[in-house]
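In structure tokens below, several structures.
Here subunit A shows up in two complexes: once beside subunit B, once beside subunit C.
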Partner chain A sequence: MVRTALLLLLVVTAPAAAVLPAEQLADPVKEARARAISRDLRCVQCQNQSIDDSDAPIAHDLRVILRERISAGATDAEAQDYIVRRYGSYVLLKPPLEAATLPLWLGPAAIVGLGAVAAFVTIARRRETTPTPLTPAETARVDTLLDP
Partner chain B sequence: MKRLIFIVPLVVLAGVIVAFAAGLQRDPSILPSQLLNRPLPVFAKASVQPGQPGFGSTALRGQPALLNVWASWCGACKVEHPELMALSSAGVPIYGLVWKDTAPAAAQVLDTSGNPYRATADDADGRIGIDLGVTGAPETFVVDARGRVRYKQVGPITPEVWATTLSPLLARLRAEA
Partner chain C sequence: MSAEIGHFALLLAFAVAVAQFAVPLIGASRGDPALMAFGRAAAGVHGGLILLSFLCLMAAFAGPDFSVALVAEHSHSTQPLIYRLGATWGNHEGSMLLWVLILSTFGALIAGTDSGMRESLRARVLGIQGGIGALFLAFIIFTSNPFKRLFPAPIEGSELNPLLQDPGLILHPPLLYVGYVGFSVAFAFAAAALIEGRADAHWARAVRPWVLLAWTALTAGIAAGSHWAYYTLGWGGWWFWDPVENASLMPWLVGTALLHSVSVLERRGALISWTLLLAILAFTLSLIGTFLVRSGVLTSVHAFAVDPARGIFILGMVVGQTGIAFALFAWRAPHMRSGALFGAVSRESGLVANNILLASAAATVFLGTFYPVLLDVTGGDKVSVGPPYYVITFAPIMAALLLVLAAGPMLRWRRDNWAHLWTRVRRPALVAAIAALVTVLVAGVGKLPVVAGFALAAWVLAGAVAILVHRWRLGSGEGSLVRRLRATPPSVYGLVLGHLGMGILAAGVTAASAFSTDRVATMRPGQSVAIGGVTARLDSVAPVQGPNYQAVRANFTLIHGDHARLIASERRFYPVSGTRTTAAGITDGVFGNTYVAIGDPGDGAPDGALVVRLYDHPLVGWIWAGPMLMALGGLFSLTDRRHRIGAPVRMAATSSSALMPVPA
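Up next, the complex of A and B:
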């Protein structure tokens, strides 16, 4: 009973966001867009939180700026780009595919590929090796072992 | 050939260890400035001191100068303050952007511990700081004679930072101008 109640509690409690009521936009659609963008933007002060989660003053400022952009009619991409232009693609929690992040995106596939090539080569080589015929002495020893 | 199979993983492991050891020496809180080799964003603000002139982005032209982002609430700014005073009396032009602070609190710091700045600008809402890509105070931008950002120092200017990084850079920029 207690366990069920605790589990239920875990299910219904959502992690608290740092967004204050005063920051929110009156239009629920625009507010939802702002929330979605801010969840993907890294707080530059507490770097493993999004600006949606962070209580840092600068995260607050960035949330407000994001909402100002959206109120001014910016698209999601434009609003996000406004902050990326100032702080760099580092603030994107999902790193974009660009020259500096190529190893990040292609590295794992390249390592798996290299492993696959190595495995194929090893297996192919193992198949190719034909066993050398037994010497007469070995044949005699096998016979004595098999026919006691 | 057979031996190579055993050596290659060891070489890769050694490479990974070197890369990780180098990575651990790096401070991940220091982000590269997006403004590098680009002009300062345009701004102009009043001073935090009543009756004193403020400054704008155009003030940092004509000769290499430092743009120091600070606030009265910032502890590390107090640490670098004596160094800024020393640089200022040595003739280094320093401009102070007062970031996310109140003008009276900042003015009081200047009155009590000295004013190393040619002029101050009051960025109370922190918007100029965000245009500059500031992540915290203090940060100092080295601006060349054409008004372009050439370097960003994150954290206080210690005598070591001055001697090893900023002083040689300013000398180079002066020669360039």
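Up next, the complex of A and C:
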């Protein structure tokens, strides 16, 4: 019921869609920057929706604040930091790399690496158990035994 | 009256399931044929009783009989019949009943078909199935009774959530459940093998159709859900990395690994314990999926029923069931026959790589889903794990998988060498290089992920075609082509379709992620907006009356060169529940969709105007066409004599040429 369940959420949070025409910046370059940043910021009231996708009031407010920052000349990083300072790193859909999130970021590579090493060792060790080929002398002896 | 019959049948089914659990397991360990035969009879009765119970619930919904609490909560007399029937599983209690219906139907099929399976193996499988059934039935009876009556009965019910009143409800949940529950059969087989202390080609042949069936249904179910979300949610998203979605992706990834490792076990007698472990894991992850959705542990508003008692019951079941299974595995697996040997460069090694990558991908999704919960519970910071995380971690693993995917079927079983592999993959590699070059020319060098995405998609597609070219010996001129086509077993077509589907999916995901564009505009009738090379003109806005909703319909003309197409986009209002939904206007095209969604009149727009969202989604249809092709491949493989459910098991696998692809 994955999807049916997902839909239930959206009934609550998304009667219409997100960015409204009135919110948009006149400068298409700045608007594109704002869209890109807002795609990676979580709507804190919603489940797993970015503020770009959500039409919750808080998402609307954050979109407006973000665009105000960008209009005021902030860089992308500055505009994002402005919101992170107020709402915590919880709003970042891409979790920051820090001690607590190390397992999260290194886990996938570690698992692939461990799996590869384990498979390699297993296959290599198994190969050693295959019998070594007979020496020519042994072959000759087998031949004489089998075919006297 | 029917509710009471249904409830009574459910209680009887519970008693039968307990007997089905105990008796055949004892019978198998004593070698008593009568007790083992009891298991088959019990599985049949178990299946029949639950079918009766399910039909009783369906009848109550069809009525609709509002004296049944569940019907009153999820049905309304104006709701179309098809959605009253669909509402049977569009809620927590009914969906759990569907779960046990599928479980017991599978049990009855195992019991009733003459599959040539060892009686002791069949008895143990049925016993374990009975145990799982008994647990779920206890869960339903004690925490989620679907037949509870209301007194006094209300005259009218409250309707099913309007978003669920969609053909998606008829397809998506049952398919997903066939997948989840199908893995329970694989789980039962694995546990039976561990108890018996043997898993051989006979075992693999018996379990393989079930893995195929589960995988096919899960593939189709996930794709159906993704498409459903695409057209109903109003902004054209097709995957959100939501915990509840991840819950279905994890069993799919592990199930795909299982599908491939079972074939190694069947053909070559290798990877025995690993296959058993995957079978246990696939079902564990399915259970965790159920747990995630039902318990609200991730405070998912998605869940129909957020009830701690239910959550704790399911958690207990997950922990208990998998704990026992893993303990059994740790105890018995080391004593099982170790598998056949194979070289470092061989088909087996390729499939080991496939398994490592798929298992790592599943582990990554698991980490992304549960690590934030773990951090939160242990008092750490609250972190969010969203799409950017998966793009960085999950996507490269899948890219590596695609790299292996095309080469794997070209490898010989047991022992091969790089030089031979190179002669086989030369042509697909050339195709991939051309695709990369074209992408660079069109999109620029800067977009490495896009270049890699298209190159890999081309590599996989060309690799799949190369298998057919080799199988059919095109250009060799020996024998008639028709004969060679007919001599190719269905499972080879299954493999080719599955791999083609994966290539198409990869191309679709790459294109839709990289090149989608969108616009938001305030429009009045007569005005036009350009989107993705198309001009969309709003022609008219009119009210429309549906069976149980009122809608505002906006009619658009999409002009592309000298072609014009009409599409309509609606906002619907369901007065009973006061809910609004979107029915987007979409042009389903081979090369991409134009997607138009409208806002509510007066919402964010001045009088007489509408907020209109327009999207251009290149190749987005490939995202669902690919999985549908994969599922079709699964069906092809199922028709293969060797894999048919209930087909007589032939002991001697037909001798095969070195390059016979693993039917998957």
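Note that the second predicted complex is superposed on the first by the 93 of 148 C-alpha atoms of A that agree within 3 Å, B and C clash if a C-alpha of one lies under 4 Å from a C-alpha of the other, contacts with A are read in each partner's own complex, and residues count from 1 in each chain.
Just so we're on the same page, a residue touches a chain if its C-beta (ideal position, glycine included) is under 8 Å from a C-beta of that chain, and two chains touch if they have at least 3 such contacts.
None of these values were measured; they are calculated from a predicted model.
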### Which superposed partner A:47 touches (first subunit B, second subunit C, both, neither)
both
### Task
Would you check which partner chain A:86 touches, where first means subunit B only, second means subunit C only, and both and neither mean what they say?
first
### Message
Just checking: does A:116 make contact with subunit B only, subunit C only, both, or neither of them? Give me first, second, both or neither.
### Response
second
### Which superposed partner A:62 touches (first subunit B, second subunit C, both, neither)
first
### Task
Applying the touch criterion given at the start, work out whether A:140 contacts subunit B, subunit C, both or neither, answering first, second, both or neither.
neither
### Query
Does subunit B (first) or subunit C (second) touch A:104, or do both, or does neither?
second
### Message
Going by the contact rule set out at the top, does A:77 touch subunit B (first), subunit C (second), both, or neither?
### Response
neither
### Query
For subunit A, which residues lie in the overlap of the subunit B contacts and the subunit C contacts?
47, 88, 90
### Task
Spell out the part of subunit A that touches subunit C in their complex, as residue ranges.
1-22, 24, 40, 42, 47-50, 53, 88-96, 100-101, 103-105, 107-109, 111-112, 115-116, 119-120, 123-124, 126-127, 129-130
## Note on the structure
subunit B residues touching subunit A in their complex are 28-29, 31-32, 34, 100, 125-127, 130-133, 135-136
### Query
Contact residues on subunit A for subunit B in the complex?
44-45, 47, 57-58, 61-62, 65, 85-88, 90
### Query
Given the complex with subunit A, which residues does subunit C contribute to the contact?
90, 95, 161-164, 168-169, 172-173, 176, 222, 224-226, 228-229, 232-235, 237, 240-245, 247-248, 289, 293, 299-304, 341-344, 349, 352-353, 356-357, 359-360, 363-364, 367-368, 371-372, 375, 380-389, 392-394, 397, 400, 520-522, 571, 579-582, 597, 599-600, 603-605, 611, 613
